[in-house]
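A, B, C, D and E are the chain letters, set down in written order, and residue numbers restart from 1 in every chain.
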Amino acid sequence: MKNIDIKSNMQTSKFNWLQYASPKIFYPLAGKLIPWCLAGAAILIAYGLYLGLFVAPTDFQQGEGYRIIFVHVPAAWFSMFLYLLMALYAGLGIVLNARLSYMMATAIAPTGAMFTLVALVTGSLWGKPMWGAWWVWDARLTSELILLFLYIGYFSLQAAIDDKSRADKASAVLALVGAINVPIIYFSVKWWNTLHQGASVSLMNAPAMAAVMLKGMLVMAIGFWLYSIAVILIRVRCEILERDSKAAMFRQD
Amino acid sequence: MVFLANQYALTAEHVVGVRGERLLFEKLNFKCSNGTVLYLQGANGTGKTTLLRTLCGLSKPYAGSISWCGENINSLAEEYYKHVLYIGHLPGIKEDLTALENLQFSMALSGTPFHLLQATEVLKMLGLARGLNLPTRMLSQGQKRRVALARLWLQDSPLWVLDEPFTALDVAATELLKKKIETFANAGGMVIMTTHQEVIIDAPNFIQLRLDS
Amino acid sequence: MVFLANQYALTAEHVVGVRGERLLFEKLNFKCSNGTVLYLQGANGTGKTTLLRTLCGLSKPYAGSISWCGENINSLAEEYYKHVLYIGHLPGIKEDLTALENLQFSMALSGTPFHLLQATEVLKMLGLARGLNLPTRMLSQGQKRRVALARLWLQDSPLWVLDEPFTALDVAATELLKKKIETFANAGGMVIMTTHQEVIIDAPNFIQLRLDS
Amino acid sequence: MYKELGTFSVLYCVLARDIRVALRRQSDVAAVFFFFIIAASLFPLGSGADPKLLKAMAPSVLWVTALLSCMLSLSRMYASDHADGTLEQIMLSNQPTVLIVLMKILAHWLLSGLPLVLVAPLIGVQFNLSGAELQTLALSLLMGTLALSLIGSIGAALTLGIRGTGVLIAILVLPLYIPVLVFGAGAVNAVSIGMSANGALSLLGAVLAMALVFSPLASAAALRIALE
Amino acid sequence: MYKELGTFSVLYCVLARDIRVALRRQSDVAAVFFFFIIAASLFPLGSGADPKLLKAMAPSVLWVTALLSCMLSLSRMYASDHADGTLEQIMLSNQPTVLIVLMKILAHWLLSGLPLVLVAPLIGVQFNLSGAELQTLALSLLMGTLALSLIGSIGAALTLGIRGTGVLIAILVLPLYIPVLVFGAGAVNAVSIGMSANGALSLLGAVLAMALVFSPLASAAALRIALE
């Protein structure tokens, strides 16, 4: 009979929570990026709004109301884009088993949900004058609403599981499964004939709308992009701190 | 018991266990081969259950690797599982089914054919003669455990992983089980187990491992 | 412990226990008074749990009567329950709440005021210093049992009914609990308990009752 | 011996604990809420987008959905207490079981009925309901959901420890829910066709009063049986 | 050593066990069935008895109710196996988890989806649906309920061991159910207005095929995560 004593082992090497993942390097790097992104976002969004509200000509059919497009369209783009990005990080997390990847996915979700909400709200504000109703059960509108529900499902699942690593993985599976919805939203206008406008901005064809409008929308979109990056990085940093402090708390005693 | 003929080995290298955000054990190294009984000890909450589940492949080690005959168990997957028999804190029996039906199902999962007569005999030997055709919900705590443990007599996996197998068993059943583990180890089986009772198992290679921090 | 001053008695007369359609025990008679530890023994499935639940008033005896200070417990109802502290196979703690919150709730149910400091002290003494503010789902099997058992140190019911209280406890915790039962009995408390481990309790009146059929 | 706790402090503690457990997992409370919103939005999806049809469907759809969401959360009422043994401790409490049960029902309503009452008008707007209809909807739901929690408690207690509980509760409880539904949706329908909702609302009140008297008794009895 | 059991015998055994457990408590199977019938009958109660309105509501009401009853029975899919430790054994089986999961989904469909398909036409008659509509209803439900079981399995696996599961499953799964609902009810609606249901039905088929491929994989992954 022999005894293995692992106690001695335990004392020789001090456990270092961060040694098994990369957030340690990421944290300061993100800190440096944030102010630049925020500044860029502020400038571009201000410029985009200026273009949209003052420079772009009044539409003779839709009047001034159409100017909501400068918020609506970029917000709608980002609601979908951020979902895909979130699913991508979630997938990477599962494949590489990287904590940082999960944290990115977690950090993206609130911003994505916010843009979804903005697209829904601006859309219905615009719908009232255009279609005479705040809300119609049209394929695109509905699928955008589903997108919001998917974001909500993602949060709820994450909130419901208190073991962080399990919460990360489980919600990653959900994010991946839900990603199927994004192409449905995008192509809904093509597949079903709907009230909602089809795609008018495309890289292949000559733009169907005025150059100023296109420019305004693109500027807004880049502004939103920078804003998203900044907010996401801030969230990830908080997440890293929170998890690390918890780990430290456990380590103390 | 035919597996005597094969040489198996379960090796843990630098295994680190973490639950929630807490470090339980670190740099754990050991090797089990035929005839080994590894007896995990430790106070409540030191990570015995966590370690056992990791060794079965139910959860991944936080760091380090566990290998079966030289290959990582997580990449072996089903290839490895068919060699393992795990009985945890939960009995893994369905309360609506009878003892026999439960056994039939768990054996199917491990790919072992089910022979009614043999199973009946084992259950009788375990003192369940009366409960053979009752849904297991009608059994007492200890009787349920016995149904779960009956698999040890029927399956022929070379590695048993048992988490507090003596819980709820009375003196007679404890003795039976202890004998069974000894016979198995002497025939070349490997057992990894925990318990808070004092036991000494008479095996070719009896290793005690304390997890206290 | 003030209840020393009061004289209590739990009397079972001709109690018959039946589960399903099966007779478990018959014509059971005993009397517990201050300082008694009644230690129920018996193989798995002989009806220990059934008897304990009947004695608490959770189920009615098939025949016979159980009385507390001369009155039938089923007619006393709440009057009787406030004297009983029952800990069964299930721990009775909510996995989402912390150990302290769980204790506060169980003590409120029995009408005992909750003192945070005192409760913290008891939990610390039971080795749960680290888990005080964790949801109990994050505790190991044995730690959960300890939370459930902490009530023994905090409530002051004169009658404890404990079903396999030593399950899942490590050696240190077992010793602590055994000491506590002895102190309690010597101060005039009554304990009715089962366990498959060998224990001898040093109490003014230690009765062993075998249920084997 | 310590001074004993009074009935009120004990009951308060029961209520506080149930709410605390639920808030600890905010998702629980949020979930009933979102279920209501999502399920109500399913109907327009299934029926195409005719606004007139939607308005006509609205009272029954909103009420049935509210009823189903209350029902879904019923299985939470006692099941976890049963599974972890807390229920045994509740039965052995020195306070009357009926009162403790009443507190648990109250907690259930606060956490799953009340939020519905608050959000229902918002969804009503999506179905093109008018102001007066929305008001009646909220009022009928306020009384109705309380009755639903009370009645549901009996079903939840009866099905304890039985598997497949979710669906079984539904069967036990739905028939008992029908009067609540008929009077509740009836009140809103009455307003839509320009009549007074008072008749339906007072009948709803009567159902509520009955439930308030009988349900705690029946639930307590059912719980005791479940534990035998 | 004994001869090992082949994959088919193992899978058959899994399927047979799930069905046996369910039949042992007949109430379980009957319950989904009755829930469907009762819930569908609630709508006429809530909306008065206008036959035109009923006929117009019918596709969405029947489909939404079918969807909700499938969903209600989801929590049964893995929860009891998880609670009693059988799931750990399933994970440690020498057969691929994906196949075992597929069997469990099949068992769920046989026990809760198929009965709905059989009874739905009967209820459709009560809502004044015509023969062609009834046929399309049954066909769309046949494909649809299978897709619902498949998709639902992911939600059931993700929420294992979490409290308040019933409602959380609903939130996770309902958004994914929406395409099934839209195409399923769409097929029936198309027939009611005299158009062909083929378009909607083939889209439904595509959803089913996708679910068949991805759902067992996702469910198996989710189960493994739940046990970690």
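The rule we apply is simple: a residue touches a chain if its C-beta (ideal position, glycine included) is under 8 Å from a C-beta of that chain, and two chains touch if they have at least 3 such contacts.
Every value quoted in this text rests on a predicted model; they were computed, and no experiment measured them.
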Chain hops separating chain B from chain A, counting only touching neighbours: 1
Chains touching both chain A and chain C, listed by label: B, D
Contact distance in steps, from chain A to chain E: 1
Dominant interface by contact count, named by its two chains: D-E
Farthest chain relative to chain C (centres taken as mean CA coordinates): A
Computed distance of Cα centres, chain E from chain C, in Å: 45
Distance from the mean Cα position of chain D to that of chain C, given in whole angstrom: 36
Separation of mean Cα positions, chain E and chain D [Å, integer]: 25
Multi-partner residues of chain D (each touching 2 or more other chains): 25, 27-28, 31, 34, 38, 44-45, 48, 80, 83, 163
For chain A, residues that touch 2 or more chains besides their own: 142, 149, 152, 156-157, 160, 163, 250
Shared-contact residues (touching 2 or more other chains) in chain C: 89, 95-96, 135, 138
Residue numbers on chain A that touch chain B, as the complex places them: 1-7, 9-10, 13, 15, 17, 20, 97, 163-164, 243, 246-247, 249-251
Chain A partner contacts - residues on chain B that touch it in the complex: 20-23, 25-28, 30, 60, 62-63, 206-213
Touching residues (chain side chain E, partner chain A) in the complex: 154, 158-159, 162-164, 168, 171-172, 174-176, 178-179, 182, 210, 214, 218, 221-222, 225-226, 228
In the complex, chain C residues that touch chain B: 19-20, 42-47, 49, 89, 127, 131, 134, 138-143, 145-146, 164, 167-174, 196-197
Of all residues in chain D, those that touch chain A in their complex: 25-28, 30-31, 34, 38, 41, 44-45, 48-49, 51, 54, 125-126, 128
